[in-house]
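Paired with subunit B in one complex and with subunit C in the other, subunit A is shared by the two complexes that follow.
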Partner chain A sequence: MADGKVLIIGGGVAGLSAALGLARLGLEVQIVEKKSFLGGHAIRFSCKATDRCVKCGACRVEETLKNVTNNPKIKVWTETRVINVSKANTFTIHLSKRPEYINPRKCTRCGACFDQCPESGALIQGHSNYNFPFIAIYEEKCRFMRDRSCCICQEICPEAAIQLDGNSQQKVYLADAIIIATGFQPFNPESKPYGYNSFPNVITNLQLEEMLKRESIVLRPSDNTIPKKIAFIQCVGSRDAKLNHLWCSKVCCASALRLARLIKSRQPEIEISFFYIDVQTFGRDFQAFYAAVQNEVRMIRNIPGDIYQTEDKRLQVNFYDAALAVTQEEIFDMVALSIGITPSSELNKMVELFELRLDETGFAFGSGETQWFSVPGVYTAGTASGPMSIADTIASASQAVTAVAKLLRQKAG
Partner chain B sequence: MSNTSEKFLINLLDHGCFKSWTFSQDVCLTCGICSSCCPASGIDGFDPRKLVRMVALGLQDEVVEARWPWICTICAKCENVCPMDIDISNIVRRVRSLRDRDRVPGVLQKGVEMALKTGNILGLPKEDFIFIVEDVAAELAEEPGFEEFKVPIDKKGANILCTIHNKLVNTHTEDLKHWWKIFYAAGEDWTISSDYWEGCNWGYFTGDDMASKTMVGRIAENLKKLEIKNFLWCE
Partner chain C sequence: MDKTILIIGNGNCAQRIAENLLVQGVNVIIASKDQHFEFALSSAAKRQTWGSIEILTPTSVLACYGFIGLFDILFQSAREKIRRNASIIIIAEDYELKPNFDLYDLNPSVYVWSLSQINESVNGLQHLKKNLPIGSKIAFLTGLIKESNAVIQENVMRTALRLQLDLELQTYIFTGNLKVSGKGLEALSRELKKAGAVISKFTKNIPQIIQNRDGSISITYLDEVTLQHFILIPDITVVDETIYPSNYLPHLADVFGLETDLLGFLQADNVHRIQTHTNRKGILAAGPSKAVQSIADHLSDADGAAQTAIEFLRGSFFQTRYTAEINTGMCVRCLTCLRLCPHHAISFGAKLGVILEACEGCGLCAAECPATAISQQHLQDNIINQNFLNRPKQIDPASPSIVAFCCGRSAVPCAELARCMRHKLPQGLFIVEVPCACSISIEYILTAFTNLAEGVLVLTCHEGNCYSEKGILFANNRTNQVLDFFEQTTSSGKRIEMHTIASNMGTEFFEIVNQFEKMLIDMGPLH
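Let's turn to the complex of A and B:
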């Protein structure tokens, strides 16, 4: 295979899959990720296997991350942003990396800093054991960053791995091709009448994924008790003309129903109600899957109107029961909102840097298609170009890899 | 479509007069959030989602004859939450407009006619109106802290003109005092008019746009006559 260097912007499942594909072709790959950890949203997702694998793809993210971490052809810079790009024969990319407050080569993940930090949320940890570094400082919360009033973690770290007054680093990278894999922005449901961020037991499907990955079971966030009744509400922030989000987010029916069945398999005593508009089909075994769902989950073809919190932090969900032609005010212990997949604000930056073209939804035009760019050698992968599942994201990353390989082969003559 | 019964069904689902309506009724996803949040849904089986569907499908006779459009209070909560931005309250008004006026339910049509003729739904004469509000104002002035209170009627150049719900000069006169107290405490320069003081617009409510326009026009005339720029349209 031809020689070449490729820069990948974004270290979620699209960027990681593309990196691995390119490295397997013998190319040198650099991943830049603005956050502290690789894996994007999907690394927080739980395996949804019940008595058998349901092909949700969550394990693939973990596995891809592991392979990327172990691959010598792939370099990773987390907490790094692209500052500017110029193009002559190759791309010259200027990068800025935030100070490395915690030296990952010294950190043994002992957790002493976590135990002693007085500010909740100032220290964060990765969602996978393959995250390297595994612990990071969240600048917006850290007291040292705010007014230098605290450096407890630095003082108590037994490995002397923490250095809070480090400098940011500027780097220049030369690349023959670039893959934009900046991912998506989950819709913030605060504007919907469901009390999100006011009622602790109203959470998003992403938070539920994270909980199931971490705890294996569902616990009510307000008091860590096992809920008796959970409601799922679909299409929150998708298919919404008022928000200018006319698209279906494609993955939420599959992921929410798989989550519901996963919960039923582990905590069969929990009653689950599923409020939906219509269920999008998914997977080859959808028919059998959906038939099984009917026995385990109460399916209600109606989107609730309001949620009120009771004194004991339970949730009164108001919905119209079309079968009985009455409005029900039913009490649930927890509500999970299936929030929409929306364009990442990073895409605007990509528009500036690469003259990337967005379609009327605000997502990038299709992946692996050079014709949309005035500069050849720039490609997109994953949800930067619209909602897709983990499997589709991996496929789109392969498309981008193929396009890059083709370009480099042409270049080599 | 070879089968005659199928042909019949297709003909029934003609958009008819609804085709020209621009209330976005055709983009309904049937999510049902309108029905879930509607304070009147369930009354006589009222289901706003189905009402919108009836219009989208062109079931003109059925929807015009139905009781449902008249159960709606036009509070517009449904369209506030509708993800597809469907103008549900105007759908209801337009459906109502298709009923012959002699078949408008209850006292509504009588009220419209009375308002057009006398200026308010009750047919309350001007002298009686002034007597009632001044009487309530005198009662309020007996309360500590409100000794100086007087109700400003037809005050030229006031900051705000307010309309009044007919109930407040009929069965619920006590309720006048609450907002009067607030205005008094705030030192607001406000007034009410002795003619066409009513905020209720049953022309709007029954889908009678001509009557509605006449009633609104009278209030606009009041604003001009009294040289007032701000209008508080209390129903």
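Let's turn to the complex of A and C:
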């Protein structure tokens, strides 16, 4: 194995897995993550085990993050972006890291700042024990960043770990290869007639995942009561010709049905309806899972037209009942929209920086070595190149690693 | 480590694994039970190949001795027995397709074809063209009685599209759920409909399919969209297929001691095994020997397997600090350990021993050895360490002393997460990290009680997520045994509980330990 340095853009499960693979081959790896916390979307997911593990893969993300944290070959840059790239024999990459407001070496995670901050959302918490620091400042919300009208956290932090007027850092890094692992963008369902963001009890499945992880049960957002009836609406933003989203997001049938069974096992009194087009096959025991879920969940093969809110903040869902050939109206306490995986707008920046090519759906073209590149040495991993599950993401990362290993071997002659 | 890797396989996946390894300077042996293994390096690979290759055909594996780094494999070839050494073994046998004639209660005839059959004919278009006039009706039955998957249905849709466009036939697809969870499949299904194919989906009342005496078919169905009844008499009815593992796999599972999934693929249904790991360190299952998946996924497995193999060769595989050790003086040669070790890490020769390279430190052997002849490195320090012995032992009824045996893969990170989420954990909680549920022996549980614990928690991974597959069952049995013992000796209720948990669920951890504490407080002190 030849020596080499690799830069990975994006610290979701794709970037983390690729980093581990490369480090284990003896390469030096840098991960650049624009957000405060590593782990991407999947670090926020809930375990969906009922009486046994249902192989959702969420805990694998936690484990991968732990292994990355403990690997001395991997260096992580959070709150950092790639500004500029030039390519000669190697890549010269200019990075910009936002000021380090909270010093991870000093912060003891006591949470004093979090409790005292007057602006909700200005301080955010990580999702894993391996997020360093565990607390971060969200610049858009923080009053100090806006008009310097508050610096409570800095004053009260017992460890003096907070420094609100730090400077951003610029770095130049040389790399032999680049892996683009910028992930996906969850579909924003505001444009759909489901009242998302105006009806409090219409949430996305991502929010439901987070709620189950945080609270371990489902509560109706408007009043924190236990809902009696929940509806899942599938394929929101996927398989949608009007949006020109001609793809299935691959993961939402599995995620929603596993969540539904989890809820049933914790709160059996809740009635769950599942509005769908087709149920996709997932897992090694799908046949048995599907049979079981049909007993616990009411399956309705139709995607509702629209949703209205009643006076008591319940939701009237209108759908077509094919069996009776009539339009039905039914009241639910809560609706979870299974929003799809869509291409991240970050990909456009990657197109500019690396001449990355996108396919007709807007995702990166291919992955690993099959990625068409005008600049040799640039590869993609994970959902940057299309919808995939955590397991598939880990597999695609291994393709990128293999491609890098081959390239370096070639270079070494 | 010797730099030779054995690949057992016969298709594209095996070929690609070999190529990946050769260009990294690794020597490869390919053993296939087929007559020939066509191995052609891609021209790019040819220019930069450093490893050597040996192809053994036709051979089948007879036996395998040794462990990661030093496997010793015995093959039967046409004429003789062959012996080879390899550091790592990768299995990539192609899977088999079997038509679902029985499922639909149909007999193959000129009117009833399998998916593979029509696929082959589509490739020789001329023949079909001659026999099927334009507009002939072709019906596909897929995923009606049993759920299908995207791999098979992609094949169905691609075939139908060619029949529809190239031969101008009228195709019908009868299915339950249309499987489009693969790259480009939603677009493909739309293209197919645009080309004029009819896709009928059934939720409850599946079509009635009747085979007449002459072998021809009539399909009667209720269309769920229009609510109208139809009868279709297709010129050809195509029955879909099910993917089965190669019939060589049961033998390989046996010879190598591999856990399989429900269908018989060589990877247990366990997220720890992602991407190509098996229960045996140094033996990998890739592509069509691993699971039902697309060809693209097979190739990605080829990359993943080669990469893992090279990681192993570099010595950078997980080395546990908890390896087991047999005190041969105490051993009564009952062979319990040999029988139970989930990772086949016990060697059986002149004397019994633990193969350190293969041992994952699960502790099952140590906990089950009837002669207590096995100990685990470092574990003793975790269990009765100074912190535990010196912990404040004032008997405070408001914060009873709780010992939680926590699996290092799940419950320990969970406890840490709970702490950083700032859940207030019981003051009397003392966490003992164990490498796996397997190692929580009855002795350890009792030790906790004799050291003044008021209650004991056993917190492990969820069933189906145990790194050593069955650790949870053993832990559960032992917990119940202690519980039985307690119920006979005291009447103060259940002071020991077992729960399963995943590493990312801090809140759940908090709920479990707090409820347990509350219960202990209600019960009053034990000591």
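Note that the second predicted complex is superposed on the first by the 411 of 413 C-alpha atoms of A that agree within 3 Å, B and C clash if a C-alpha of one lies under 4 Å from a C-alpha of the other, contacts with A are read in each partner's own complex, and residues count from 1 in each chain.
Rule of thumb we're sticking to: contacts are C-beta pairs under 8 Å (C-beta built on N, C-alpha and C of every residue); 3 or more make two chains touch, one makes a residue touch a chain.
Predicted, not measured: the structure shown is a model, and the values here were computed from it.
When both complexes are overlaid on chain A, the residue A:E63 reaches subunit C alone and has no touch with subunit B.
In the superposition on chain A, A:A241 contacts both subunit B and subunit C. Looking at the shared chain after the overlay, A:F319 reaches subunit B, while subunit C stays out of its contact range. By the touch criterion defined above, A:S396 lies against subunit C but remains apart from subunit B after alignment on the C-alpha atoms of chain A. Shared-chain residue A:I303: touches subunit B; no touch with subunit C. With both complexes superposed, C is the one of subunit B and subunit C in contact with more subunit A residues. Once the two complexes are overlaid on the shared chain, A:D285 sits against subunit C while remaining clear of subunit B. Using the contact criterion defined above for the overlaid structures, shared-chain residue A:I83 touches neither subunit B nor subunit C, since it reaches no partner.
Applying the stated contact rule after C-alpha superposition, one finds that A:A405 touches subunit C and leaves subunit B untouched.
Look at A:P193: by the touch rule set out above, it reaches subunit B but stays clear of subunit C. In the superposition on the C-alpha atoms of chain A, the part of subunit A touched by subunit B in one complex and by subunit C in the other spans residues 239, 241, 277, 301, 322, 325. Touching subunit A in their complex are the following residues of subunit B: 24, 27, 29-38, 41-42, 45, 47, 49, 81-85. Subunit A contributes residues 193, 235, 239-243, 277, 301-306, 318-320, 322, 325-327 to its touches with subunit B in the complex.
Taken in their complex, subunit A has these residues touching subunit C: 1, 21, 24-26, 43, 45-47, 49, 51-55, 57-63, 66, 109, 111, 125-126, 128-129, 134, 213-216, 238-239, 241, 246-248, 250, 253, 277-287, 290, 299, 301, 322-323, 325, 361, 368, 386, 391-392, 394-396, 398-399, 401-403, 405-406, 409-410. Chain contact summary for the complex, subunit C toward subunit A: residues 20, 23-25, 48, 146-150, 177-187, 190, 201, 203-204, 224-225, 227, 261-263, 265, 269-272, 274-275, 291, 297, 299-301, 303-304, 306-308, 310-311, 314, 316, 409-410, 413, 416-417, 419-422, 461-465, 500-508, 511.
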